[in-house]
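The following pair of complexes shares a single chain, chain A, combined with chain B in the former and chain C in the latter.
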Partner chain A sequence: MTEAAVFFFLASVTLGSAFAVVLSRTVLVSALWLILSFIGVAGMYALMGASFLAVTQVLIYVGAISVLLLFAIMLTHDVMGEQRPMNRQWPIASMVTFGLFVVLGIVMFRADWPLTGGEVPPALGGVIADASGVAIPRAEAEAPAFSIADDIVADDGQVTAAVRIPGTVASLGRSLMTEHLLAFEVISIVLLVALIGAIVIARD
Partner chain B sequence: MIEQIFLQSIFSRPWVTERLAHLVPEASLGFAVEVTMSVLKATLIILIIQIGMLWGTWLERKFIGRIQDRLGPNRVGVFGLGQPIADMVKILTKEDTTPTAAHRWVYNLGSLLIVPPAILGFAVVALDQGLIATDLSVGFLFFIAIASTSVVPIFMAGWGSRNKYALLGAMRAVAQIVSYEIPQVLSVVGVLLLAGTLSMQGLAYAQGPLGLDGGSPAFPGVWFIFIQPIAFVIFVLATTAEIERTPFDVPEAESEIIAGYHTEYSGIKFGMFYLALYFATISSAAVASVLFLGGWQPPIPTELVNWLANRAGEDAGELRASLGSLGWLWMSLKTLFMVLIFMWFRGTLPRLRADQLMAFSWKVLVPISLINLLAAGLVGKLVYTRTPIVVFGAFAITNVILLAALFWLIGWWSQRRSAQQIRFDQPAPVAPMSAESA
Partner chain C sequence: MVIQLWWYLLVAIGLFTIGLFGAMTRRNAVNVLMGIELMLNAVNLNAVAFWRYVSPTRTLATVDAAGETGVGEFIASMDGQVFALMIIALAAAEAAVGLALIIAIYRKRKTVRLEDFTLMKG
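Here is the complex of A and B:
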C-alpha cells in the first residue's frame, strides 16, 4: 500500500513537472522543472531497489546534464526574458515527437519484460565475496540494497552481522567487467574521442 | 556510557516497537515503527547539525580571531558563547527584501532549496557502530550525488535575483562545483577500491581494529590517510572548493562581485545560505573523517589491538567491545579536527583568482588523482588481504616515490615557466647611465 502511494506520488511529480517543462514560458524555468522530473525518475529507481541507478541518475542528470543545460541557457543572449514557447516549426516538431512517442509505446507493449528477476548470469554464479573477502551466500548478496525493511541495527539492538552488501554495485561491476566488457570498452573509447574532440574544438 | 545507551536505544527497532505496541494496533505496527524511527533519526541529525552550525560559527570566529591575533566574539555570555543566539535574533528580525525585477518563485525557492543538499549528506555518515541514519550500499556515491545537486539552487538564486553580479557569481559557482567534483571523486576511488565497498559503515569497518561483530578486522585495517595521503590532501582541497569556503570562495568574492549569487538576499533568506555553508562544512568534515580518519574506529593501530587481544587471550572480545563503546567520541573528535582544518584554511590562505581556480582543478588535481588511483590499484592488488603493517609499508614506499616524482615534476615545470617569464625577484637589467643624461 505504502509503495503504491509512493509510486503514484513519484509518477505525478515526474509527469506533472514534465508537463510544466513544455508549458512554461521561460526557458530557464522549463529547465528547472526538467530537473524535478529527473529527480522523480531517480525516486522511481530507488523505489525499485536500484539504488546505484537512482544515485547515478541524480549525479549525472541533475548534477551534470541539467547544469550544462542551464549553462547553455545562460550563454544565450536573452537570459532573463520571457518568450513564447512556440515558433514556426511547431507542427514539424510535434509530428516528430508524436512519432517517437508511438515508437516508444510500441516497444513498451511489444517487448517481453520479465516480471521476476530472471536467471542470475553465470558470471555471478557461486558466491560473491564481501568487503573483507569472506564469501557470503548468494541469497544475502542479492538482497535489495535500498529496502527500508532491513536496517543496520539488528533486532537485539546490536550491529548486524554483515556490512550491507553492495549487491547492485558489485554485480553491476562484475557484469561490466565480464559479460559486457566489449560494450564497456567501446563506450569508454567513444567518451575519450568526445573529450579529445571537445578539447580540439576549444583550442581553435 | 549513558550517551551511547541513549543513542543506540532510540536507534534500535525493538526499543521503539516495545513502546509503540500499546499505542498502535497490531496491523499497522510495522509501518508505525518505520515512521517513528525515521523521524527520530532525522530529528537527531538535524539537532546535531543545528547545534554544530550555531556554535560552529562561534568556533570559526574565535579560531580565526586567534589566528589573526584578535580575541573574536567575547561580549555575549562567557567567552562570547551567546554570540550565535544574538546573531540569529538579528538575522531573523532583519527586513526581508525582494528585488522588484526578481523572478519571485525562483528567487525565494533558491534560498530554501540550498539547505536540503547540505543536510541530506549527513544521512549516510556513520556516527558510531550501528549509528547511522541509512547505511546505503552506495553511501559515498549518495553523498556526492546530493552534494552535486546544490548547484541547482545556486543557479536559481543567481538567475532569480536579476542582478548581473548574482548571475556572474552563480556561473562561477557552478563552473567551480562541476570542476572540483571530478578530483573529489577520483581521489576517493582509490580508497573505495581498497575497502571494496561504497557503504560508509563498511568504509569505517575497513580502517581499524574493530571488525564486524567483534570479529577480525577487515582489509586494510589502517586509516586511509596513512595509505592514501595524496588522496586525502586532494579530497580536502576539492571539498573546500565544493562547499565554497575560502580560499575557493571565488563565487562570492566581495572584492570582485559583491557577494555573488546571494547579493540580493537579506534577513533569514541570506541566513539560509549561511546555514547551508556550515551544514555542508560539518557534513563534509564528517564524511572526510569516515573516509580517511577511520570514522568511529579508535585511534589505536590494529596490530597493537591484535597483540593485546592475543595476550589477553579470552578477553579479546571484551577488549574490542570496550574500545568500540567510545566510537561516538572518536567520531566527534575527528569531525571537529576536520572542521578546524577547514577554518584554518580560511584564516591562512588568500583567495584564488577565478582562472587560477579552474586551472588548479584541471591541470593539477585531476592528473595527480589519476596517477594516485593507478598506484592505489596496482599496490592494492599486490598486498590484498595482507596484514595492516605490510599494507602500510607497501603504501609508504609507493607514496614516497609518488611524492618525489611529483615534487620533481613541479620543480621542473616551474623552472621552465619562470625561464619564459619576466623575473620579478631579480633586479631588472638597467642600461648604464651616461654623464650627459644626468
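Here is the complex of A and C:
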C-alpha cells in the first residue's frame, strides 16, 4: 500500500515535471523542471530495488547533464525566453505523439509479458544460511569471493547447503566485468572519444 | 495494491511521448536536447522495469532476522541494469557533444533557434 502510494507520487512528479519541461516558455525553467523529472525517475529505480542505478541517475543526470545544460543555456544568452517557444507544427506533433502513446499503450496491454516474480536480492547481500540453517555473519560469508551454489535448493523447505546471495551492486559489478566486459570497454572508448570531440568542437 | 509491471511501462510510454513531443516542437536547440534526454530516461525506466519483473530467477534458501529458514525466488541476472548503465553513459556523451555543437554554432551565428540553422539548406 505504501509502495503504491510512493509509486503514484513519483509517477506524478516525473510526468508532471516532464510536461512542464516541454510546455514552459523559458529554457532555464525547462532545465529546472528537467532536474525534478530526473529525480522522479531515480526514485522509481530505488523503488524497484536498483539502488546503484538510482545513485548513478542522481550523479550523472542531476549532477552532470543538468549542469551541462544550464551552462549551455547561460553561454548562449537565451535566458529570457521568447514569445513562441514552439514551432508551427505543434498541433500535428501533438496528434502524432498522442497517437503513438495510444498505439504503444495498446501494444503494451496486449503483450503477454513472461513475468517471473523474482525478488530483488538485498542491496548489500548477505541473506545466508549454513547447512543447518544457522545464519552466518555477513563479513564471514563475503570473505570468499561471491559465488552462489546451485545445489542449495531445498526440496522440502530444508536448507541443504550454505547459501550466499551477492548484493545487487556486487552482482552488477561482476556482470560488467565478466559477461558484459566488451560492452563496458566499448562504452569507455565511446565516452573518451565523445569528450575529446566535444572539446575540439567547442573550443575557439 | 502491489506495483505491477505495466504501471512502470505506462509511465515510460508517457515519458517517451512527452520527450518526443518536446524534441519535435521546441524551437530552441537546448530544449530539443532536453526532449531527447527525457526519451532516453523512458527507455532506461523500461530496461529497469523489465529487469525487475521479467528477469530469470534462481531459487535460494534464506534466513530471516528471527532465524527462520525459507526458500525464495531471487533475480539471477543483471542484464537490464547493465543496459540502463550503458544508456546513461551514452546519454552523457550525447549531451556533451550536442551542447558543444550548439555552443559552436552559437559562436558563428549568434542564435540557438533551429530554424535559423540553414547552413546546409539546398
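One rule holds in what follows: the second predicted complex is superposed on the first by the 116 of 204 C-alpha atoms of A that agree within 3 Å, B and C clash if a C-alpha of one lies under 4 Å from a C-alpha of the other, contacts with A are read in each partner's own complex, and residues count from 1 in each chain.
Note that contacts are C-beta pairs under 8 Å (C-beta built on N, C-alpha and C of every residue); 3 or more make two chains touch, one makes a residue touch a chain.
This structure is a prediction, so every number in the text was calculated from the model and none was measured.
Colleague: With the two complexes superposed on chain A, say which partner A:M74 touches: chain B (first), chain C (second), both, or neither.
Modeller: first
Colleague: Can A:L32 be said to touch chain B (first), chain C (second), both, or neither?
Modeller: first
Colleague: Which holds for A:T178: it touches chain B only (first), chain C only (second), both, or neither?
Modeller: So A:T178 meets neither chain B nor chain C here.
Colleague: Between chain B (first) and chain C (second), which does A:F52 come into contact with in this model arrangement: first, second, both, or neither?
Modeller: In the superposition, A:F52 touches chain B and chain C alike.
Colleague: Answer with first, second, both or neither: which of chain B and chain C does A:L191 touch in the superposed model?
Modeller: Only chain C; A:L191 stays clear of chain B.
Colleague: Of the two partner chains, chain B (first) and chain C (second), which one does A:F19 touch, if any: first, second, both, or neither?
Modeller: A:F19: touches chain C, not chain B.
Colleague: More chain A residues touched by chain B or by chain C?
Modeller: Result: the larger residue contact count on chain A belongs to C.
Colleague: If you stack the two complexes on chain A, which partner ends up touching A:A11: first (chain B), second (chain C), both, or neither?
Modeller: The answer is second: A:A11 touches chain C but not chain B.
Colleague: Now for A:M86: first (chain B), second (chain C), both, or neither, which partner does it touch?
Modeller: second
Colleague: Touching A:G63, do we find chain B (first), chain C (second), both, or neither?
Modeller: In the superposition, A:G63 touches chain B alone.
Colleague: Between chain B and chain C, which residues of chain A are contacted by each of them?
Modeller: Of chain A, residues 52, 56, 64, 71, 133, 148, 152-153, 157-160, 163, 165, 168 contact chain B in one complex and chain C in the other.
Colleague: Can you tell me which positions in chain A touch chain C when the two form their complex?
Modeller: Touch residues, chain A against chain C: 1, 3-4, 7, 11, 14-15, 18-19, 21-22, 27, 30-31, 34, 37-38, 41, 44-45, 47-50, 52-53, 56-57, 60-61, 64-65, 68-69, 71-73, 75-76, 78, 82, 84-87, 89-90, 93-94, 96-98, 100-101, 104-105, 108-109, 113-121, 127-129, 133-135, 148, 150, 152-154, 157-160, 163, 165, 168, 171-172, 174-176, 180, 183, 187, 190-191, 194-195, 197-199, 201-202, 204.
Colleague: Flag every residue of chain C that touches chain A in the complex, lowest number first.
Modeller: Residue list for chain C touching chain A: 1-3, 5-11, 13-22, 24-28, 30-31, 33-35, 37-38, 41, 44-45, 48-49, 51-64, 67, 69-79, 81-82, 84-86, 88-97, 99-104, 106-107, 112, 114-115.
Colleague: In the complex of these two chains, what residues of chain A are touching chain B?
Modeller: 2, 26, 28-29, 32, 35, 51-52, 55-56, 58-59, 62-64, 66-67, 70-71, 74, 79-80, 130-133, 145-146, 148, 151-153, 155-169
Colleague: Quick one: which bits of chain B touch chain A in the complex? Just the residue numbers, please.
Modeller: 8-9, 11-15, 31, 34, 37, 103, 105-106, 129-130, 132, 134-138, 141-142, 144-146, 148-149, 151-152, 155-156, 159, 162, 167, 171, 174, 178, 181, 195-199, 201-202, 205-206, 211-213, 216, 218-219, 384-385
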